[in-house]
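Several structures are given next for inspection.
Next come two complexes, and both contain subunit A; in the first it sits with subunit B, in the second with subunit C.
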Partner chain A sequence: MVRLTTHDPRPTTQTAQATLEITLALISVLLLLLGSLKLFLWVNQRLVQRHQDYENSRVSAGTSFSETQVDETAYPELNIFGK
Partner chain B sequence: MMLTYLRQTTSLNNLRSKRSSGQIATLLILAMVVVLVMILVTVNLGQLSLTATTLSNAADSASLLLASQLATKSRVFWETLGGTTRKETTEGWGTWDWVELVVMVVIAVVMTLLCNICSHGFWALVVSATLAAANKLYQFSVAQDMRAEAFTAIAKSLSGLPERWGIREGVVFLALTQTVADPRKMADTNDSDGNGNTTEKVPVFQDWYYRRVIALKEVLSPLAGEINNFINGPLTSFSDFATKQYTQYQVPFETWDDGGYTTVYTTATGPFYTAPESGGQDGNVIELVKAIEIPVPDIVSVLQVFAGLATSLKAQNYSDRLLESWESWIKWFYNDDVDTDYYDTLKTNLVADLDNLKAAIESKRTQLAQCNYQWQSCITDYDGLPQCTSCTPPICPEYAYKTESTNSPCQDGSFGTIDTDLDDEFAAAQASIDALLVGIEGFRNSILTFYNYMNDLLASISMSTSGGLNPVTYSWPDALCADDSDCHSISVDVSHFELAWIESGDECTERSLGMMGLIGGGMCTERKYWLELKDYTDNGDNTRVKITRADQPDAAKTGVGALGSFNPFGKGEITKVSKAAYSYNYVNIVGKE
Partner chain C sequence: MFYSRLTTHDSRLTTLTAQALAELAIFGSILLMLLGVLVNYGLRYNFQQQVIQQAFRKAIAHDPATPESDTNLILKDKYIPDPVNHFGVGSFVPVSASASVTRSYALDAGAESAGELPKLIMQINGQEQTYRTAGFRIEENIDYDLNLIYKYQEIYGGTALDGCKAAEQVCVYSDDGVYTCTEEASYTGNGTCIKGWISLLDGSAINEDLETLKVMTTGTDTDGNTVTEETPVAIKAIRIVDAMAGEIVDYGGALRQCRMITNPAFCKQECEKGKKYGSTKDCNTICDSSMQAPWYCEEGKLDQLFTLESNRYKAMGLQPDFTKDTTISNSLERDEDQAGITTKEKVNYQEATGRKVIYHDGLNPTTGINTGLGNVKTAALSSTAQVTTCAQDPVGCPYGYKITYAGTETAGEKIRTTTW
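Coming up: the complex of A and B.
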């Protein structure tokens, strides 16, 4: 029977410590990425919707009695950790 | 040492290693790359949105400025007419009504004159104030680098242009100052802001626009004059000439009558007039080709195009409308790029057809039978009257002569006839065709002369140096452009618009009974005079501003940077259109694209 693992000169406690740290770090980085992705999508959706609203308001804004207001409550909310 | 440590820490090999140090740092760096990409995309989208918004704002404010100026002029005339668009009066009015009408007319004329020269004051004020306001509102453009005195100086400079061009250029200037993002500066050697300081640094755009207005002033008047000359000169002459080729028309001539000259008219027939089968006029080409049975070429339909051309161009306000659209309609006449302009088609179609027709006529003539003639000899009798008798050669006296041909159509040497008289219809027809060819060649030369003259004049206001007449384009370089190229440009296109004006007229509304009690034959007993406001409103179709931003950066330089290859809109163009409706009592934006 041949062992496929290489020899690790470190004590077992140190190896476990590294595994624990890398696990926590992976989770943190993953959360960071997910949060960034959510933020990225939210910012860009808002940019697009605001621009669309602006374009749609051009004609009414150029009239004498315009009362058009942009409804910001219709924009997507920022939910980093989900609803 | 430090670099080695950094390389070891950030190396991807750390992820495969059992060593504990550096693994988290590597993961974080990988995560940062992803986050940076997302930031770049967000920045690009924001930049795109900002550019589009800037263009939209500029288009909207420009169309509103245009409509506002036109509405103001409409309002002035509307007030002049007493708050109505049509003012009427009849002869039955009292003295004070007449005075009122006369005063109205005088005021209207004065207001018209004032508005024509108002560019020296009122419009300059309007444009200057608008531009100053725009300067404060929009800071993402050259406007932020231009001082207020520069706006005032340019507004004053615009006032020297003809009214329509002053309004148009004010709109163009407003649109450009809001959208051009050229950061370059230069010494104000031309003193474009009129403050006397020629060493200060001013935006390159400011100097460019100052020089554009000067070029416009120098070129507009000769351009309009040359268009006027061409339409009323060569085009009208050729149009009349072409019409006379295929119609019957009246020719005046003077005759002596009762001790004085009287002008009388006689009917002349063009050589391509579709003549009756017989009894036509010598030199009529259509009659000749029918008689000798060769195909009749379609010359007339081509000539008809030119017959209507001068009329249709004259129907427009050619001194102005035709000037601003010169670059499009001149292509009907002359276009280097295609062979379908009049200059080429006249040569390739009409001249070629006429040359072929001449050859076909001559060829057919030589194939005709030798003419047989009727001969006669005449002597004078004792009463001094001629006594003529027919004879047949060779049994004819020496003084006998030919009277008619008996086997027409026929030929004899260079002679040819299609009827019995001894007139040479072939030579006359060839002369008619030659005259048409000379006329066509003369007109073609006039087209070329006109085109070259206009191009020489327009060179001073060309697209590359001064932005062109309409649309107006300003280009500038930056670090992303290829060497020595202006890869960013803003183009402003202002539609043709009408200026309000007052039309005056009169009509008879009541007549006395004429002789024998017949209605309509008598004197006009009541006449209605009216003043009517024209072109005082528009639904936006003619008050339209289109702004296009085009970016064509060098491909080799766009691989990096926030606005580089990550930006799908980094290369291409964005166009925004705004239409504003107006009348004497409102101005509204009514459409956008």
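Coming up: the complex of A and C.
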């Protein structure tokens, strides 16, 4: 952030204001980015796990069809702040 | 570094406060939008993978003993939340996949009964509908000729043809030397052939079949002795598994087929195109054979099949256009008392999707035989999906909103309700 305050008569009041603001802003931005990363990992994990289960149930699928042959209830839930 | 701001001569410092927060508000909304894109893509890929797998599994789970070739289409309207909306209310996106399985050992197998005809099985938001994509069409009084059979093969495909051979004849020599034969009908209608249908897969097979299945003529000579003679077999009727005789007909396919039948020059051109390297097939002789034209090749019949008002794409089956009726209602309650102010906001989002399936009902469902032009009909499919905020019901509503899908057929029967 570039701020020019060359003629500012009260420089002390401005000291670290931008730093404080950017600190708050960066925390929010980082939270959003980390949340997005978590979401991205969750999405990919489900894609991989579903395909793995799909391959594992290949033989049995040749004789019967069930909507729940790939059981997704055991898949991890989206947890942004946890592990 | 977000952006620069020049305030060199500004003495009103208050205008400068919260600049970074203002920047965050601007860039934060962009980040939220990016998050929305990520959610959208992520869920879309997940749903897509899910329906692709389900469609293929549904196709492969058919009984391997029956030589069916079914196509399974699954279409689901899936909900994708939008992080930009303060309640996360998003929209419903259609995801679809189709799959069909033909087993390698059944490549040369043809349908022999109505149940074995190829089908299109559509599952749309849980509602399942089945349509046959081919039907039997029977042509009688065939003048058997190998080149004519080759022409039938060229047009309809080898596995789609069965022949009904002539029935046994009983002949008697009378005392005055007159030889009279009683000929039984070989094809008795409704798909019944007295001697059984024989496959007309290829020329050599036809000749072999005809050789082993000669008509036995039994007679009695003047001395009273029984005389049995073999006479050449004749094909009295042909049963065709015709893709244009099904409940869902392809316009382009029907047009091409009719041109092949009625226009020898076009038949030769297509025959030459489809020739394998080194083939000795004589397209001129094959295509010059005269054959019966099916009912849909008669003047104006194809237009009648594809002139339904809404059928502007000249396509049967699930129509590419659909209607969406979206309703969003917001309500805000505000209570003020001594304890403070309480506000309660609710959002209800509802989307009703209407789709149409156009089909032809000229097929007898029991015998699978098509005898001519029937009625072109429309089957309506409707499904309603709803997103409701339910802050008062956290148990059944862990995410702060619940989604219900309800599909109803025209009769009003409730098909499926899912709560997520």
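Methods note: the second predicted complex is superposed on the first by the 66 of 83 C-alpha atoms of A that agree within 3 Å, B and C clash if a C-alpha of one lies under 4 Å from a C-alpha of the other, contacts with A are read in each partner's own complex, and residues count from 1 in each chain.
Definition applied: a contact is a pair of C-beta atoms (placed from the backbone, for glycine too) under 8 Å apart; a residue touches a chain by one contact, two chains touch by 3 or more.
Please read all numbers here as calculations on a predicted model, not as lab measurements.
Counting residues of subunit A touched by each partner, subunit B versus subunit C, the larger count belongs to C.
Shared-chain residue A:Y54: touches subunit B and subunit C both.
In the superposition on chain A, contact of A:V29 is made with both subunit B and subunit C. In the superposition on chain A, A:V70 makes contact with subunit C only, not with subunit B. Contacts of A:A18 after superposition: both subunit B and subunit C are touched.
In the superposed model, A:R46 lies in contact with subunit C only, and not with subunit B. For the contact definition in use here, the residues of subunit A common to its subunit B contact set and its subunit C contact set are 6, 8, 10, 14, 17-18, 21-22, 25, 29, 32-33, 36, 40, 43, 47, 50-51, 54, 61-64. Contact residues on subunit A toward subunit C in their complex (touch as defined above): 1-10, 13-14, 17-18, 21-22, 24-25, 28-29, 32-33, 35-36, 39-40, 42-43, 46-47, 50-51, 54, 61-65, 67, 69-70. Of all residues in subunit C, only 1-11, 13, 16-21, 23-24, 27-28, 31-32, 34-35, 38-39, 42-43, 45-46, 49-50, 53-54, 57-58, 60-61, 64 touch subunit A in the complex they form. Across the complex, subunit B is touched by residues 6, 8, 10, 14-15, 17-18, 21-22, 25-26, 29, 32-33, 36-37, 40, 43-44, 47-48, 50-51, 54-55, 58-59, 61-64 of subunit A. In the complex of the two chains, the subunit B residues touching subunit A come out as 18, 20, 23-24, 27-28, 30-31, 34-35, 38-39, 41-42, 45-46, 49, 52-53, 56, 60, 64, 578, 580, 586-592.
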